[in-house]
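When the chains are written out, they are named A, B, C and D in that same order, and each has its own residue count from 1.
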Amino acid sequence: MPEEARARVTTTTARSHSDTRTRVGAPQADASGFRAVRGLTETLAAPLSAEDQVVQPMTDASPTKWHLGHTTWLFEEFILRPQPTRYETPNPAYRFLFNSYYEAVGDRQPRPERGMLTRPSQGEVAEFRSIVDEAMVGLLSSGRVSADTICLLELGLHHEQQHQELMLMDAKNLLSRNVLRPAYQTHDPERSPDPAHSTSSSRDVAATQVGWIPHNGGKSEIGHTAQGFCYDNESPAHPVWNEPFELADRLVTNDDWLEFISDGGYERPELWLSDGWNLINEQGWRSPLYWTDDDGIQGIFTLEGHRGINPHEPVVHVSYHEADAFARWKGARLPTESEWELVARSRWSPPARGAEPNLHPSAAGAIGSDPEQFCGEVWQWTSSAYLPYPGFVAAPGAVGEYNGKFMVNQHVMRGGACVTPPGHERVTYRNFFPPAARWQFGGLRLARG
Amino acid sequence: MPEEARARVTTTTARSHSDTRTRVGAPQADASGFRAVRGLTETLAAPLSAEDQVVQPMTDASPTKWHLGHTTWLFEEFILRPQPTRYETPNPAYRFLFNSYYEAVGDRQPRPERGMLTRPSQGEVAEFRSIVDEAMVGLLSSGRVSADTICLLELGLHHEQQHQELMLMDAKNLLSRNVLRPAYQTHDPERSPDPAHSTSSSRDVAATQVGWIPHNGGKSEIGHTAQGFCYDNESPAHPVWNEPFELADRLVTNDDWLEFISDGGYERPELWLSDGWNLINEQGWRSPLYWTDDDGIQGIFTLEGHRGINPHEPVVHVSYHEADAFARWKGARLPTESEWELVARSRWSPPARGAEPNLHPSAAGAIGSDPEQFCGEVWQWTSSAYLPYPGFVAAPGAVGEYNGKFMVNQHVMRGGACVTPPGHERVTYRNFFPPAARWQFGGLRLARG
Amino acid sequence: MPEEARARVTTTTARSHSDTRTRVGAPQADASGFRAVRGLTETLAAPLSAEDQVVQPMTDASPTKWHLGHTTWLFEEFILRPQPTRYETPNPAYRFLFNSYYEAVGDRQPRPERGMLTRPSQGEVAEFRSIVDEAMVGLLSSGRVSADTICLLELGLHHEQQHQELMLMDAKNLLSRNVLRPAYQTHDPERSPDPAHSTSSSRDVAATQVGWIPHNGGKSEIGHTAQGFCYDNESPAHPVWNEPFELADRLVTNDDWLEFISDGGYERPELWLSDGWNLINEQGWRSPLYWTDDDGIQGIFTLEGHRGINPHEPVVHVSYHEADAFARWKGARLPTESEWELVARSRWSPPARGAEPNLHPSAAGAIGSDPEQFCGEVWQWTSSAYLPYPGFVAAPGAVGEYNGKFMVNQHVMRGGACVTPPGHERVTYRNFFPPAARWQFGGLRLARG
Amino acid sequence: MPEEARARVTTTTARSHSDTRTRVGAPQADASGFRAVRGLTETLAAPLSAEDQVVQPMTDASPTKWHLGHTTWLFEEFILRPQPTRYETPNPAYRFLFNSYYEAVGDRQPRPERGMLTRPSQGEVAEFRSIVDEAMVGLLSSGRVSADTICLLELGLHHEQQHQELMLMDAKNLLSRNVLRPAYQTHDPERSPDPAHSTSSSRDVAATQVGWIPHNGGKSEIGHTAQGFCYDNESPAHPVWNEPFELADRLVTNDDWLEFISDGGYERPELWLSDGWNLINEQGWRSPLYWTDDDGIQGIFTLEGHRGINPHEPVVHVSYHEADAFARWKGARLPTESEWELVARSRWSPPARGAEPNLHPSAAGAIGSDPEQFCGEVWQWTSSAYLPYPGFVAAPGAVGEYNGKFMVNQHVMRGGACVTPPGHERVTYRNFFPPAARWQFGGLRLARG
C-alpha cells in the first residue's frame, strides 16, 4: 500500500481502532506524511466540543482551537509565505493570533489571552487548516520542493506532533477542573485489552519488584548521530564522562507513591529541595495532580474519566520537586540525561504501536508495551538542567527560536509518554519543563551509584 | 391580544424588528410574563456562538452560558425545589455550578472559574432551561400558586432581566478583547432610523447646549411607594432633606469628553480623587473603555461593531472616578441619588419602546428616546455611596442576600441603560458598582448648587 | 502660668506625669501653642529607639522618623518657604522625602518605601525640626504674621496632632510584629489609677448593661458652626433629616466581643457584608487585631505590653466589617454620622485630661473618663460613607488636597481615641478609614431604630 | 606575632589601613582565627548606623543586625548548645529570630519580616555576640575540643565570611534606594592608590584588548581535593570531559557593556533567553543594577558613593540573563564551571591582599590585583546550572541543609568578588544565584570553542 493511501486510511478510520499494532516511524516528509500528521491532529480534536476547544484552562495551557490554528500557521509562515508562487492567507490577522513566541515574526496574542479567541470560529479554523493543507499538498506534489523546504516540512510535522500531545495534556487539564468530571473519551477495552487495569494478575507481583540495570560509566558519546530527524537541541553529539551507575528497570508506580505518602513524604522537609518545600506548602500539594479524594476515597482523573487508582501503573503528573523528593526518600536519585540515554539506547527499540497515542500509561508488563518502559508511558524527570550541548548553536532567524531560548530554569525529561504520538519518540529526545510543572505526563525512574 | 400570545410573538419574531414601539411595562408575574422574559433571554443569546457563550473575559463578567444556567437555577432553587409536587433536577451538580453567591444555599463554582464550564454543553443548558420552563409554566398554570411563590416569581423575572443586561455587557467585554473586533450584531438601520449616527443635523447643535432643571430642595421623600415590584434596597421610602440644586437636562456627551481629554483631564491630579489618580495611572487609562486609537484615529467598539465616535451620543463606559473628575473639571458635581430621583420622578415617563434593549445609547433628541435622557441610555453615576435606606432590613434566608450584602465600597447608579430590558427601569431603581468599574454602560449627568 | 511656660513644662516634664488633669483645649495658634504641640511630638517619640523609629511595618503605616520629618516639612513648605524673609532648608531633598501626598508640591518618596530612609539620620531629622522650630518661633514672635499664615499654622498644628496619633498607631503595629512583644512604655499605675484593669469592682457590673439614649429625629443641622478650628470636611454645616433613633450609652466591650466569637460570629456568612466575609476568610481573621492566642490562652498586645483581656474595656482594633457584622448579630446597627453627632453634641463635654494621650482605652466608669465614652476612648465606626457635605468645596492649591481627595471607599469614624491628643477631639470631627482597616484604635457603639 | 595577637590587631586597627598587603589564607579553626573573623564582621558593620543596620531593603537581602545575630546563632546552635558544659543563651527567642532556613531546628522569623526586628536592639545583639564569643573562646581554649567541633567551627567561620560579603551586598542595596545616595564609606586613596579610577593610563589601553587562554579539553578532574576546608558542594572531586575551549584573559568591562547598550543589546530579542527577555521588559532594565541616569548623564552607585563610570573596571551587578545575552551578542558564550575551574587552577594563585575586602572591583592591571582577574573582583556567571556533583550526599541533620537544598533553578558563579573576604576564595568554590539576581557583585568572563 503506498504511503499516501496509508495515511488516508489512518486519518479516516482511526476511530475504529481497527489498526493492528505496527511499528510506527517518524513522519515522512512528503505529502503523504503531511496528510497523516494533519489528520491525526483532527482525529484527536474530534472528541472535544467547540466549547471545549475554545477555553484556556490556565496560562501554561492553550485551547485546542489555538493549537489547531497555530500548527497551521507554522506551515503558512515558514513554508507557504516565502514561496514565489502566490499563496493568500484567509486572514492576515491569523499571523498575530497564532504566532506562539516567535519574536522575529512580530507581535502576537498574549499567551494568557489565548482563551479569548471565540473568533475565528471552530469552522473558520477548520477552513484555515483546509486551505493550508491544500496549498501544502499542492506544493509537495509539485516536484519543485527545495531541500530547505523539506527540512522545514519535517520540522513542522514534528512540531505538530508535539502539539498533538499538548492538546491532550491541555484538554485533560481543562476537563479536570469541571466538577462533572467529563471524560475526553471513554475507555475502549478493545484498544487496551491488557491487564493494566486489573489488580490481581500474576504479572502485577513482578511489577512491584525493581531490578537494576548496571552501566560501567567512563567516556561515552550522547546526542543525535543516527539518520533521521532530530531537534537542534539534541546535537551536537559529544563525549561525556560518567561514573559507574545503575538504572531501575521500571518506572516508579502508584503503589510506590502511596507508600511515599503513607510514610509522610509530603510532610518531611528534609526530603525536599527548599523551593520544592515552599511550593508544596503554598499550593497545598499532598499527592500527584489529578488524584482526587472524595471523603477519603482516593481516585484519579484520566482522559478516560474518573476511576480508582491502579497501583501498578506508573505514577504520573508529578513535578520535578516531587520526583526528586521521592528519590531521596528511597535512598536513590534521579538519573542524569546522559545516564538515561546511554541505557535506553542499548535496551529500547520502538515497539509496535497503533497510529494513535494512548490516553493513560500502562502498568509494566502490559501487552505490547515496552517491558522496561523507557518510552511511551511517561516522560521521566532527569536531574539534568536543560542546557545547550557543547557546541550548540541556534539556527539563524525565527526557526532558531524553536528550542534554544528556553534553556534556563527547566529540567530535561526523557522517554516520551503514552500521549506522545507514536513515532515521535527518540532516545536522544530532550523534552523540558520547569521544576514545578505537572500537567505534562511526567513520572520518574530511579538511578543509583 | 392576550399577554401570553404577545409574549410568544416577542420571543419568536424579535429578530425581525417588526416590533412597533409600544409602552413596555414591568414583566407580569404569571405564565405569560414568565415566557416573555425567558424568551427574551434566549433571543439575546442567539447572536452568540456556543464558543462565545462559554468564555469568561474577566472575573467581573460571566459567560453567557452561565447566565443562562444561573437564571434558570434561581427558579429551580427558590420556587420548584420547595414545591410539594415532585420536581426532579436534570443534574444535581447544577446547584453547585449555577449558584452565584448565595451562602445559604451552599458551596459553588468559584466566580473566576465560571469560564471553565465547557460542560454542561450549550445544549444541556438549553434543556435545563426547557425543563425548568415547563415545570414553571405547569406550576403557574395550575391555579395552586401561593402569594409567596408569586413574589419569588416576580423577583426571579426581574433578576433575569438584570442578567439580560449583564449578558450584553459581558459579551461586549469579551468581543472587545478580540483583535478581529467582531460585532455582536450589525447595526439595523430600520431599528434605529434616528439621526444619532449623523453628525450634522440641526438637532445636534441643540444637543451640545445644556439646560438646567432647578429644584427647591427642602424635605422630600424618596424610595419606592408606588404599586408594583421593587427590590428590597429601594425601600423603605423615607424623608430626605436637600439644599436647592439644579440638574443638567441631558447627559454628558462624547463631545464633552473629547474636550475634557484635550484639556488634559487625564493628566491633572487636582481633578481626581486620590484613588482615582492612582487607578488611571496604574491602568494607563486615557479615555473611556472601548475607545480605540488606531495610529491616532479614535474610534469606539460597540455591540454593533467598531466605528467612529459620534460626538452627540452620551459618553459611556466611564468609571466613577472619571465621572467625578469630569464634573470637577466642569465646575459642577455629580448628583446625589435623592436629587436624581426627585427630578426624574417629575420629568420622566416610560417612553414607548420595542420589547428588546438597544445596543448603544442614542444622542439626545433621537426619535423615540427620552428627551432628557433620564432612563434608557446610560446608567448615571451619583455621588451617593450605596448604603441601606433608614430602616432597611434584609429578608430572612437566601433571598435576603440579594442586595443588602453588597452595601459597601460601591456607588449608586441611576436611570437604566440602552441595554436594560424595556420595562425594567424605575426612577427608584438603585443600581450599584465599585468606583473603578466601567464595563457597565455607565455615563453621567451633571448637577450643581 | 503663661501658655508658653506651660508648653515648655509639658515638653520637659511630661514623663513624670505630675500633670494634674485639666481641661485641655485645641492648640493655640501662636508661638506658645506651636511649641507645645511640637514638644509633645518629641515626647511621644522618645520611648522609641532610633531603630524603632526608622522601620515601616506595612504600607499603611509610616516610620516615626518620617512622621517627625513630615510634620516639620509641612511648616517649611506652606509657611516658611513662601515668606519674603530668607529661610534656607537644611536639605532640599527633604521636600521629596517628606511630602506625603501633595501632588501640587511635586514628586515624593513612594509611600511603601518610607522605611528605606535610614538617612537622614535620627539626629539630622532632630536638627531639621530644630531649624524649622526656630524659624517658626522667630516668625510667630515677629509681630508680622498674616492672617493667612495663622490659618496655615493652625492647620499645621492640628495636622501634627493627627500625626501624634498616627505615630502611636504605627509604632504599636511595628512592635506587635515582634515575637519579643516589646512594650512602647510600661504601664504607669500612678497615671491610670482607675479600676479599668481590675475585673471585680462593682462598677464593672454596671458597665456590662447598655442603656439607650433616644432622639426624636426630624430636621437638624450638623457640621461645624462653633468658633474655633475645624477641617474643611466638617463644613458647611447643613440640615439633615433623621428618623427617630436611639444610641447606646456606652461602647461595645471585649466581653460583648467574646460572646460574639463564642456564638460563631466569625463563621456565619449571614452576618457579614460580602466583601467582609471574603476579607475575614482570606486573612484568617477570627478576633480583633492584636488579640493573641498562646496555646488557647487569649491575650492582647497593647502599647503597654502584652497582657490579659479586660472584659470591660471597649473592644478596639476592629474593622468596619467586623463592627457591622457585630451590630447585625446583636439585632442593632451602626449609627450614621449625623445620628452620632446629634447625640454627642448634647451629651458630651470635654473632660479634664492630662496633656498627653492615653495608650489604651479605659472601661466605662473609669475615673476621669467620659461616662458615655463619646470621645477619648476609641474611634467609632459609623455606617456613613465618607463623602463631601453638601456645598463642600476644597481649598485651592496644595492645602486643598488635605481631605477632599480621599472621599471614596472609606467610612466615617467619630469620637476620637485614647491615643488622640487631648484637645484634638471635636463632635463634628470626621475621621475616615477604609472598611478593612483595623490598625487605628477603632471600636463601635450600637444604634437602633 | 602570635595568631591571637594578630587577630586582635586586625579587629581594632583595621580602619587605619596600615595593613600592608600580605597573603591572607583561610581562617584558622582556633580561638585566634575565630576572633579574627568575628572582629572583621564588626569592623564591616561599623560604618553603618543603628538605623542602617535594622532595615531590610528587599526580601532577598537581610538587615545588618540580622546578619550579626544569625552568624552568632550558628555557633550557639551547633557548637555551644550541644556542649555538656553549661551554656545559657541570653534569650531563647533568638533561636526563632536568627535561624535562617534550617527546618531541622524549627520555626523561624519569616524572611520577608527580618526588617521588623527593631528589638533586640543593636546593643543587645552586640551583647549576644560578646556572650557567644566569650563562650566560644573559652571552649576553644579549654583543650577539650572534639574533632567534630573543629569541623563545625571551620564551617561557622566560613559561614560568617559569607555573611560578611552579604552584609556589604545588602547594605549597598539599601543605600542605593535612598535619593541622598549615601556612601557606606568614602573612598580611601591610600588604600587603593591604583590607576583604577583614572581613564588615561597606558595600562588602560591594554585592558581593553582581550587575550584568549586555550585549553585542550579531554578528561580532567574537578572538585576539591587539596587540603583545607571546602563546602560539601565542592565534592566529590570527579572526572569531567571537555571539548577544547578558550577563556578570555580578563573580565568584561564597563566599556564593553556601554558598547553592548549602544548596539541595542537590551532591545534585540534574538540575543536573549525567553525568560530574560520577559524579565528585562517587565522590570524595565536597560543597564546593570546601580547604574544611574541623571538627565542623560550616566553614573554608578558604589559603596564609596556615587560617581562616574570607569570604562576599564569590570562590569558588575548584571544578572545571568544579561551576561548570557552579552556573550551571545559578542559571538561567544559563558564558560561552564569546569572550564572555569580548570583554567583558574593553572593560572591563579592567591594574591597578597589586605585583611579586609575591597568595596568595588578594580580595572585589570590595577596594582596588587590578579592580572587575569580570576578571583577577587567579581563573581563570574557560568553556564552551569547549580546541581550536585556525581556522588554528592548531603550531611545528616541540620548542617546538611547548608547547600544541597538549593540545587535547582540557580546558576553557578565562580571566582569571588572584591567584597569577598580575603582568604575566603577558592578555585573550587561554587557560589550560586538565580538567573534574575543582580544585587550580588556579579560580572562575567567570556569563553569560546
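Please note the rule applied: a contact is a pair of C-beta atoms (placed from the backbone, for glycine too) under 8 Å apart; a residue touches a chain by one contact, two chains touch by 3 or more.
Predicted, not measured: the structure shown is a model, and the values here were computed from it.
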* **Greatest separation from chain D - chain, by CA centre** => B
* Asked: Using mean CA coordinates as chain centres, what's the chain A-chain C distance in Å?
  -> 61
* What whole-number Å value describes the gap between the mean CA coordinates of chain A and chain D? -> 41
* In whole angstrom, what separates the CA-based centres of chain C and chain D? -> 47
* Per-residue overlap in chain D, given as positions that touch at least 2 other chains -> none
* Asked: Which two-chain combinations qualify as touching?
  -> A-B, A-D, B-C, C-D
* State the interface residues of chain A toward chain D in the complex, per the touch definition above. => 101, 103-104, 219, 238-243, 269-270, 272-277, 320-321, 324, 383-385, 387-388, 390-391, 400-401, 405-409, 411, 435
* Provide the residue numbers of chain B that touch chain A in the complex, in ascending order. => 49-55, 57, 65, 91, 93, 96-97, 109, 113, 115-122, 174-175, 177-180, 182
